[in-house]
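Take a look at the structures below.
Okay, so chain A shows up in both of these, paired with chain B first and chain C after.
And now, the complex of A and B:
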């Protein structure tokens, strides 16, 4: 998966969790909680969706590493390469 | 024979619009079955029936805006013949039942299950904004694949089904739905502030132990099985409510009636604004994983605007959590006819004294709003202290 593929897939899962968001309006550095207003239930749903989609089980201490699309793309890419 | 009426789904509700029938004449219904969908200021609500019987006639038209109490359908007890006035024009939709009603519940349930179409297939889960836009633009909701929670059709699904040229400048319909919800909140909160003599008590609770226990538990399971800290608060609040009866029940014309069980109202913030507080029945008796699953389901359906009538009216105490990034504390307003509301601030690491030493600990401020017609500081204090105690032994929750 390329960097762009991962980013697009992350945004797709994010928008499924928060359907009022528009993928093309989300900035790379938008914080999913502070800017996009996901609550802890949304974040958990997102983490579960990413687990299903990428096979990457993100432990709770790593939630901060998917806090923005830019961070998440790097993190997921690294975890899948590992 | 019973008349199934437009129910009141909250102190603030005056009328509702019938948008969907889930049953037809001749169908067998059982207490708790979803029989209709009514659009209210708080979204589309699935209406449950509270009697067993057979649908004799549907007495209200789809799309009709009807006041609370308006007749929606006539329900006959199994084997009951319609009254003569009604029997005349009706073909034999209700077969003559010679034998008594089967006594074994599983039998009749099985029959009902096979005969009744499943709500998920019959009813199309869709947000009010999506319904409205679809109706305006002639879009068939059934033809859309919903991208919302539990496959619900949301506004964006409808919008993307409309050819670009056909979509006029953004109408204000979604904003209208929000205005309606704002009105509903205003009505309930104004009534509460007018009628309920609130008093508030706050307590800081050390939740480091609970948080550590939960982190260790969650580290060992995949995301789908993880539990949120909020679930621990909900469970502790529900168990404390079972102990302190003055916090759990309804206040009506005859005064306070304590509830026999704890139906925990959970305040759910809707994305885009607005708030709804459906209830989880007997939350104090659910295990943490079961309560977590119930909360997940409730939040998803609240956001998809697909709640059930019993969830809207059965709450006996409400909990409102500000979330992990919110303010320290909130003094909430009680949802009438309930008599207490527990607000949970955002947990934060603070200096705290443990065994004579100042140490960083994760703290949360609990603020209870209680009804002074029903309770005094003593009971409120007991309730908060009970929650504190329960949270110190998370493994026993």
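And now, the complex of A and C:
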């Protein structure tokens, strides 16, 4: 998957969890909790969805590394390459 | 059942009540009265007890609030600062012509201005209502309407996102104060207003039975209810903070609850300050490493948290706790929903102290049943009634209620009369009266008392949902759902979830011309999240052709839930139309 593919897939899962958001209005540095107003249960659901989608298990201490689309894209890319 | 955690000599060394049973037996309310200062002529004001009296007694330089900003900022607010800021805030209210008894709503995250707003409002003799900042516009508006809001204190972002559109439709609203130095049109910037205001204010001589706080809570039917609390409640905040949370002067204390809910006000503002602790206030949401490092770095001694967060820590495992030093922790407590026994045992292993579960409600104003520091903990139990509190298990009968014995499951009830008990539901005396039968306050929670006097939570007696510790009324969620053009009817229930306790699930039927599919499911869920906010909106929506209904047309949520859980359907004699 390319960087752009990962980003698009991440946004797709994000708006499934929080369908009040529009994928094309989300900025790369928007914080999923502070700016996009996901709560902690949303974050858990997102982590589960990303696991299914990418086959990547995200441990709790790494949640900060998926806090924005930019961070998440890098993180997921690196984890899939590993 | 997991084994009892025995306290032995280590557990009650230094506990505020070394012998809880004896304390219960010998308790009189004079003990609580003596914890307060009071004002001349029998007046009593929460803000005086929480702030100004400590300054008067020479503790002005002590840190009252250590604020940790989301991005690493730190601010120390002393008791003297807090006395000054709350006086300035009270003067701002006065300058705008507001009067005793007027209602001030606070809608913001955990920023210092929130604490100043709450206490400054009380100092001025006005009535404070906190709102959860993650609420969507709908729950905010409903609460401001019911509470006849005169003043709203919020941030510019929240104002633009959630208030601006309908602000003019709240006829009582006179003043909108915006935190910071700038404000949109029609609002007043709080920063400059505070700077111009005098730092001197004579605390309003409120009487003990004068209104102080209104906390909203959900009902199964109808609109949310505003539980009215009075200044006398501070007597119980002082006492219960000391006994159930081990708050003593100078204690470093962290309550993780948001002041948008009753725990975050009673035990995140009032009780700790009345007991002259140093409060840690973290603006950020739950983040494992941030939380663990906060406890270590700030030397947190008493930590009051909630099951959802504790279960998230537990999921992260023991390994995540290893880099940290938790030896400063003296006492841990939990509230919001029952803490599962495994989490109690886990916390005892990794923190060296168990979380002490306790039980109370918006209506009770303070902790009613608790695991106290010196008492053995039975994991999964909420503990025993606090000194001064008489609790029982009762069953409703045709003529009143009947008290049940040990081991029987019934409704958890309390003998009325403790100081922090709600005084009414705002403009809904009839709903208030219904809570009291045969001199018992009926909590709506089902519980059991064992032969040794420990209370155990069993479930709700009604349809209310407890999600991440927040009480959610299905009616409010259903009302928002049917505002979506596709939705004809909606039934909302809580389904068990290992982290949140329960999550909200909705069953909907569609209007003609709409087809159930994934896109529509998402659209409806998105609509609900915009209206209600993520804490209240359903996490899952399923489509049905019809919903189970009674002859009078009421959706049988109980039946939806029984089927969801695979439980017996119980009495379905009133079922008229079944689910398809």
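We adopt the following convention: the second predicted complex is superposed on the first by the 82 of 82 C-alpha atoms of A that agree within 3 Å, B and C clash if a C-alpha of one lies under 4 Å from a C-alpha of the other, contacts with A are read in each partner's own complex, and residues count from 1 in each chain.
One rule holds in what follows: a contact is a pair of C-beta atoms (placed from the backbone, for glycine too) under 8 Å apart; a residue touches a chain by one contact, two chains touch by 3 or more.
Bear in mind that the values here come from a model prediction, so they are computed numbers and not experimental data.
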Which superposed partner A:3 touches (first chain B, second chain C, both, neither): neither
Which superposed partner A:20 touches (first chain B, second chain C, both, neither): both
Contacts of A:33 with chain B and chain C, given as first, second, both or neither: both
Which of chain B and chain C A:64 touches, first, second, both or neither: second
Partner chain(s) touched by A:41 [first = chain B, second = chain C, both, neither]: both
Partner chain in contact with A:51 - chain B first, chain C second, else both or neither: first
Chain A residues contacted in one complex by chain B, in the other by chain C: 15-16, 18-20, 33-34, 37, 39-41, 44-45, 59-60
Footprint of chain C on chain A - complex, ascending: 15-16, 18-21, 33-34, 37-42, 44-45, 59-61, 63-64
Touch list for chain A against partner chain B, complex: 15-16, 18-20, 22, 33-34, 37, 39-41, 44-45, 47-48, 50-51, 57-60
Residue ranges of chain B in contact with chain A within the complex: 147-149, 154-156, 215, 218-219, 222-224, 226, 228-230, 269, 271-272, 295-296, 299, 323-325
Chain A-touching residues of chain C, taken from the complex the two chains share: 70, 134, 285-289, 308-309, 312, 315-317, 320, 467-468, 499-500, 503, 522-523, 525-527, 529-530, 533-535, 539
